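Structure record follows, encoded as structure tokens.
We call the chains A, B, C, D, E, F, G and H, going by the order they appear; numbering starts again at 1 in every chain.
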């Protein structure tokens, strides 16, 4: 089984946030790998990873980082496949990581999702994989159609709330 | 009993904030309804709700949302009745939701209240209802005249605090 | 002719922003008045204005202010009719005015629109007036249906842009 | 005993912050009073308080408020004695209150201290009182000379910390 | 010629920013279309566009918006193809648009690029198209390899700068 | 003639902002002096100035600074007379200077006014001088009573604006 | 043993953050001292310290401060050796301290590290010491080469996580 | 002549800011070089540069970058000599670049100066060089002693300003 998505982060402390990305890919049977890499602690390993990812069969990279979050941008600089950046809230409510990831200079984009938005990173990764894989496209649709379930459940909950002047 | 105010939110987790709006309307005998809707999970239901609200007799909509809070603006785009937006503090202290609600482009206003300001949303809704309903106008006045009570109680509390050089 | 909307601001320098509100009301034949008032320079006049507005027939107040923008909140404290607050960008890109207007404490709401959002203030004022006035409700609908015109014109403009690989 | 400093706040919940101001004034035998007032809930009482403060013998007013903090500015608008504003951290880390207090328009200053800076408000009040009262000037000096004590104690603590390569 | 990328914006005033995206796609022979759509002015047209885009052959949508920028998220809610969001600096230096686009709730991602980052949006779109199209993959590589040219030119410029103690 | 107020700034570039403070004091016949001092360029001169100010007859110090604005706080650390801090907008819209001045630690207050708020600094200085000088107290009242003039003039201007549905 | 690095802070409450700097220097056998100093409480001691540090053999100063953090800049104003500033998160998530330290005016730099970044301050101090001391240069290299260990351990942890579609 | 300081930036557009650093080093006869490098456009050149800098005789690196400013941190990750980071104001008033440079994770510091603070970067570089070079130490002292000149000149200017109640 060849991984199509690579989930990268700099620390085990990021796992509690990134776990949702792995769970989503796993649920929809998308082969993925998980690596610890750091733009600052292991720059050579990052470059090697980024350069080899495409030829290893990786189609999308999800890179999470906090603070002065350089990892997604540094990976994007050495690969041609899409890099999804997940800003981790490690300081300043995550606004430093968001800006350090999204404000990339012209030429090297990082597809940025919201602060701690690991689930959305996985969904976006699948939307991208779906470009070349119809079965993933089917999974994307199945997931999308499931989104309204949570709202319907919320409406059931709200229907149980009683007030004298509540009409529904 | 026909609801005049519709309270809309995207998740049961918003209820702890929005409960105060419902309590206030209930206390002043304003018929209201509560719905879960999401600009992103149930866009068609949002559009249907917004388009039908006025003809169902709804006079004001209170819409709460957090993060990239699109719900109030999206509802406002499909109705002509006033939409009150309540930014929910779900991330970044709620500043993302505030900006995503209040900074509407020219043409489609959302009457925005403070972060987590559900009580003020209900009070504002009643001020608006009062335009066409004298009994609501009376309720608005009764509530307003009650506001000084909390200050008077605070003064009683402060009068009990003892210092050597405190003169009152 | 009795004014139904009162447009309040603290300085002639605010007029370049607030002019759009007056123009919109004028276009839709909503009688309005314009006053200069300052929560800090003329506090007594503000209080007198706020207390008498309703009995003079004013239905909605639009109050604009910049910096530590107290005017909308101070007016709201002395009236029961809806107060729409317009944050003026006079410093800090207007973020100080926005927070000083929207973050009202529980009990006294200000219906806040975006920074320099005077047109939206007028539109919201008409949505509120429409609660008790069917002809205004008609005007609100007419304006709303005109909104798509600007988009249609933009599409005409975009259709004229030529690229080799542009398909429309 | 006639109060020289008036400590004003809008809620009993502000007392935990403002208590330090009262303690400092009490320690240095400055007569003071404590009142609950709200620019929004009791605007008339605020105006009456502000207009009468000087003739009652009040020399400095310390006004604390959170969120869209209008109280210090509104009091300053109706008195000629100095008003010290204390931004309370009730939302957004207190940045909304800070901006709503400090960014006063030209003509009506509020002497603003840091967020939750009640002790500094009391020290500043005494510096102002000292202008016309030599005994207070003496107290200001005594307090100032005590400030280095805390640093000296910290140095004693630091001298006890042991490391192999720590030289002091 | 069937468009593969759809560039969407709400106003002709956004064109000066978005032009770079069109130029990049045109340069690399990616068929694209340009539409004016507004989440607020033409909500039905947005929904129709979003629902039909995939079946019309669109593979990626680039959506630009300023202020309370709802367009990218609203489109993403009604399609399964990737949506790239470009925050436009129309107010507050673009931070409102950035937050309103990137902070999407779980379930509906928007691949966000930097403020006014239209060129990066086009590059990212091509990286995504490359998943299912080898010739686009080739173009992505060609463009990436050209990036160092600008740096080399800068080095030529810097080599011409003369100082007494400059060694290169 | 002995100066009672000392206006301090770090650069001639601050003069365009601080000129209003000098003009206001001059208009109300308050003797003042102007010095260039820098917490960083001339720390010893700052300390000497701060320590000697009171004995030279200075009653209030107005200190302006931009960026990492240390001057007001450093002066406050070496004097017992009130120090009014004026944040200068030299970078980041002045928010750095505001925070560097107002957020003083417990023990050493700086009476902070708004960004570029030099006029308010002079007014506050006079309110403080008025504590021990009845003629200054009279000047403070005269100035305060003049504040409404600008509003009255604005009302005259607004009365000249003509619209079909403007009622005043 | 002569201290080469001086660690300065204003309060024992800063020790929990600054302890890591001391531990790092101790581990690499760099003699250091710890002092409590305050730009506001003990300005004379600060000046004396700064002026004498170099002649006492101190090569680098690490100065930590929170809120309106003046200590690093004030020390830098009176010494010619490098001053490393550590912003302490004591309010506003530390953004006030960061700006008050880093935004120094031209002429007097403070080498600023991240909020609560005491370990990085120590590492930077050693990089500076290494300029004139080969044994410290060796220690810097040893530490740098150890950085990848944490990533390798993280990879071991990640390799233990099991998912059905995880490939590594 | 062997360069001791390397000034690095990503674009010729940064030169107008960075020129002051070069001028300062040149004035004090510090050999330096200027290179264009980009963490994103030329990652391999950056790594090569960083790894070889020390052995080429470079003692300090000054790296400037704007937006998601990765260059200083990426260089710091591959060298053991001090890296001084200069945030360039290219967007968001430079706050994005400041956070992306200063908020480095534990292990790899960047000595950050203020936004556009190129002169301070050069001064700091000389303070660091002075650790191992007495003649540079002398230059640092000469420059420091010149700082008060600008203040003295400002005082001359201020002495020429005439007011009726100005006493100096």
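Note that in this section a contact is a pair of C-beta atoms (placed from the backbone, for glycine too) under 8 Å apart; a residue touches a chain by one contact, two chains touch by 3 or more.
All of these numbers come straight from a predicted model, not from anything done at the bench.
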Number of steps on the shortest touching-chain route linking chain B and chain G: 2
If you average the Cα atoms per chain, which one ends up farthest from chain E? D
Among G-H, C-E or C-D, which pair gives essentially the same interface as F-G, with more than half of the residue-number contact pairs in common? C-D
Pair sharing more residue contacts (C-beta pairs) when A-G is set against A-E: A-E
Hey, how far is the Cα centre of chain A from the one of chain B, in Å? 34
Would you mind pulling out the distance in Å between where the CA atoms of chain D average out and where those of chain E do? 51
Just how far, in Å, is the C-alpha centre of chain G from the one of chain E? 41
Residues of chain E whose C-beta touches two or more other chains: 10, 38, 40-41, 67-68, 91-93, 95, 102-104, 107-108, 114-115, 147
What chain-chain pairs meet the touch criterion? A-B, A-E, A-G, A-H, B-C, B-D, B-E, C-D, C-E, C-F, D-F, D-G, E-H, F-G, F-H, G-H
Which stretch or stretches of chain B touch chain D in the complex? 93-95, 114-116, 147-148, 150-155, 157-158, 161, 163-168
Residues of chain C touching chain D in their complex? 10, 38-41, 43-44, 47, 66-70, 73-74, 76-78, 91-92, 95-96, 99-105, 107-108
Residue ranges of chain H in contact with chain E within the complex: 1-3, 10-12, 15, 22-23, 25-26, 29-38, 40-42, 45, 67-68, 91-93
Partner chain F, residues of chain D touching it in the complex: 59, 80-82, 84, 98, 102-104, 106-115, 117, 119-121, 123-124, 127-132, 137, 140-141, 144, 147
